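First, the structure itself, so that you have it in front of you.
The first chain written gets the first letter, and so on, giving A, B and C; residue counts start at 1 in each chain.
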Amino acid sequence: MEFKEKFVEKILLLIAFSSITILALIAFFIFGEGIPLIWKIGPKSFLLGERWVPSQGSFGILPMIVGSFWVTFGALLLGIPLGLACAIFLCEWTPPSIGMILRSAIQVLAGIPSVIYGFWGLVVLVPLVRNFLGGPGLSILSGSLVLSIMILPTIISISEDSLKALPPSYKAGSLALGATHWQTIWRVLIPAARSGIVASIILGMGRALGETMAMIMILGNAVKMPSSFLDSARTLTTNIGIEMGYASGEHRQALFATGVILFFIIMILNSLAIILSRRRVS
Amino acid sequence: MKIRQTRYLTQMVAKILIWIAAFFTMAVMALIIFQVLSEGLPVLSPGFFLETPRSMGREGGILSPIIGTIALTVVAIIVATPLGIGTAIFLWEYTREGRISRIIRFGIGCLAGVPSIIFGLFGFVFFVIYLNMGWSILSGGLALAAMILPTVICTTEEALKAIPYSFREVSYSLGGTKWQTVTRAVLPNALPGIFTGIILGICRSIEETAVVILTAGSSLIIPTSLFSPVRTMSVHFYILAREGISMEMAYGTGATLIILVLLVNTIANWLLNRYIRHRA
Amino acid sequence: MVIGILDKQVKTHSKVPYSSWFLLSLLLLSVAVGCQRSKAGITVAGSTSVEPFAELLAEEYMIRHPQSHIYVQGGGSTAGIEAVRSRAAHIGMSSRHLMSEEKDLHAVMIAQDAIAIIVHPNNPVNDLSLDEVKQIFSGKISNWVTLGGSSRPITLVTREEGSGTREAFQKLVMGKEEISLESLVQDSNGAIRQVVSGDPYAIGYISLGLVNEKVRAMKISGVEPNLSSIQEGKYTLVRPFLFVFDGEPTGEAKAFLEFVMSPESQKLLSKEGLVTILPKSSGG
């Protein structure tokens, strides 16, 4: 009996280490392919180089870093106010029936494959942008618009959870002191739920940074540094996605190296989110 | 008097803006779903689901992508569920604080944040090339399992957390060992939470495209073994839409995907409600 | 409450499911690492330009040989060639000639394909010289007004780096000039066709076999790209479709190759817009 218990515990320990093992494997293989290349051409020229022309051996990913940044920034610009507004709406102002519809809508939105969003963006948004705003339509603007819709469920559900988790005394107290409903929300509840909301934003940002398929369809994937929201651009993820199938040798290593950079950026972001949400509990 | 009016004015403005935001969100979602469904539903028919694609997908149905989706999801779930539940049990029932637990949790947190394209890269270089499994259901399923593992672990742990200690207390007082307690007193009651995690994992597997293309290939014929390459519905949709092969078929596949998501969500909610009602 | 819990303990099924889950996954994994290439059939991987045609032929082949399985895969010319080398695929598809370091592999030309320069059907510009195409794609000519169209910036669309089609275009049209970095990049012929069909000011290049009524193929120096002009050697933007093998083809791969080279398959390819390799007239 005793032996069996110890045995079971050891097995569970092994199983629990599976996540670490997988992570280690991923790091090993991705870094193993990517880091040698970064080392070979120098981190500075890799990260700050503006030319990505693999056929000539130029591997600068700055345009992609900038592209990722702009697209994500645009998505957050639209997604945060919308997401917060919906979270507030769900928490405070919704009649139960509409609230239920909205919540299930958000659940469904979260489950729709990203390629469908990309397709919709391609068929509906891109022509609109091209006809009314100029440029090729396949642009950072279109990408940000679609991406913001894709990260809404994340921001809404986590923000709503944070708002709901607040002790009811906060709201009751504020109202008792004579504040209006809105004043209560804006000045008491939101600041109190701040760390959870920020965590949701950071997670949304991580999702936005990691999106590939829809962005390949909508961004146009030009390799130059974008200079306006109507320009086409390429993100770190689409760079990998679009050239991965075809690449070999140094080119493939460079794509893995792009993955390494992406990996780091997202790790930093996620650690931030974890730290922030822990602060919420205490 | 003036001050109070301003406050209420602000509230009114804020309320209007927020209602607009909420309805805008609903409208956009309705728009997307409506567009795909309206073009796609007419394409659906029993033949659509039961025939394999012919002529690059221009004709026929989507049987092989459907089978592919199911196969990959099943493999991913079979692998991720025991690993996930085992990890969660270990973290919650056996150790709570301590260095080992912290290392493992860090690993899970990191894994959860890895973007899908990296899983695709990893799956390609590890399963397809290094382990020489080739583009196959196995490669794809294992890569997907790695991706959904953190989800299963977290939801299972939440489910375990929700079980009051008294359950375990009673079992111990009756002479049960730790393992017996876990498997007979705790786990059965944590099942709804675990199911949620599994369903979330299923949803993620269905919608994932980049990982699948890089690890399971994009073959159009019905797979014959675990080592056959296979196409999932998301991949089929992507290829059809991108290559402009057949918009009709693309919409049909898209509509099927949306209906599938709706179905899975509904079943999940129904299961949850039923179990909660059953226990209450 | 104690009774309630005991109840649950009694009602709960035994622990067997849990351990069998675990054993099942261990089994799966060992099966995976143990017997690896045990699937029947052959894998054909490589150029996305060749892919749709290979799929079509594979379909026909499998109708005639119901026991066979042919898995067709994209990934690009370079990836396909590598896949053959690493045994991940039995046949590689390539839309460009083998490079010098790939010459140890065995390549068989199954058809020829022309590259068409495409624009939107409403675009008034109808005819370009090869040099003009080069200047457009290198960014030197950047407005349609220079070519007789309206005053609008030209939207360039190209394939991604590593694509056989792009490499063929680079070699046949651009020569030493670089394709402008401002160009939009799409990852398949179909996607380029889609972009060009939707944007009146776009220009791109795709396989001639994929041109449909949504886009228009440009005349090059007065020569309309079609079967006869290609066979007569007048239209020069032509590249080979290759099946690549590791050594001499054997078994199922050989059978499929022979099928692909047969007259009826070639007729099928010709119907889809490719140039067959069967000698019909000079210059094929």
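Throughout what follows, a contact is a pair of C-beta atoms (placed from the backbone, for glycine too) under 8 Å apart; a residue touches a chain by one contact, two chains touch by 3 or more.
Given the structure is predicted, the values throughout are model-derived calculations rather than measurements.
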item	value
Chain whose Cα centroid lies at the greatest distance from that of subunit B	C
A-C compared against B-C, more contacting pairs	B-C
Whole-Å gap between the CA centroids of subunit A and subunit B	17
Subunit B and subunit C: spacing of chain centres that average the CA atoms, whole Å	31
Per-residue multi-chain contacts in subunit C, two or more chains	22, 74, 187, 191, 194
Subunit B, residues touching no fewer than two other chains	82-83, 86, 242
Subunit A residues counted as touching two or more neighbouring chains	11, 15, 122, 217, 241, 245
Touching residues (chain side subunit B, partner subunit A) in the complex	7-8, 10-11, 14-15, 17-19, 21-22, 24-26, 28-33, 35-36, 82-83, 86-87, 89-91, 94, 100, 103-104, 107-122, 124-126, 130, 146, 149-150, 153, 177-179, 203, 206-210, 214, 234, 237-238, 241-242, 250, 254, 257-258, 261-262, 264-265, 269
Footprint of subunit A on subunit C - complex, ascending	22, 48, 74-79, 82, 155, 160-163, 170, 178, 181-187, 191, 194-195, 198-199, 202
Of all residues in subunit B, those that touch subunit C in their complex	54-56, 75, 78-79, 81-83, 85-86, 128-129, 131-136, 138, 142, 166-167, 170-171, 174, 183-185, 187-189, 217-221, 224-229, 242-245
Interfacial residue positions of subunit C with respect to subunit B in the complex	1-2, 5-6, 8-9, 12, 15, 18, 21-22, 24-25, 28, 31-33, 36-41, 43, 45, 52, 55-56, 59, 62, 69-74, 86-88, 187-191, 193-194, 197, 214
Interfacial residue positions of subunit A with respect to subunit C in the complex	11, 15, 51, 53-56, 122, 126-127, 130, 136-138, 216-217, 220-224, 232, 234, 241-243, 245-248, 251
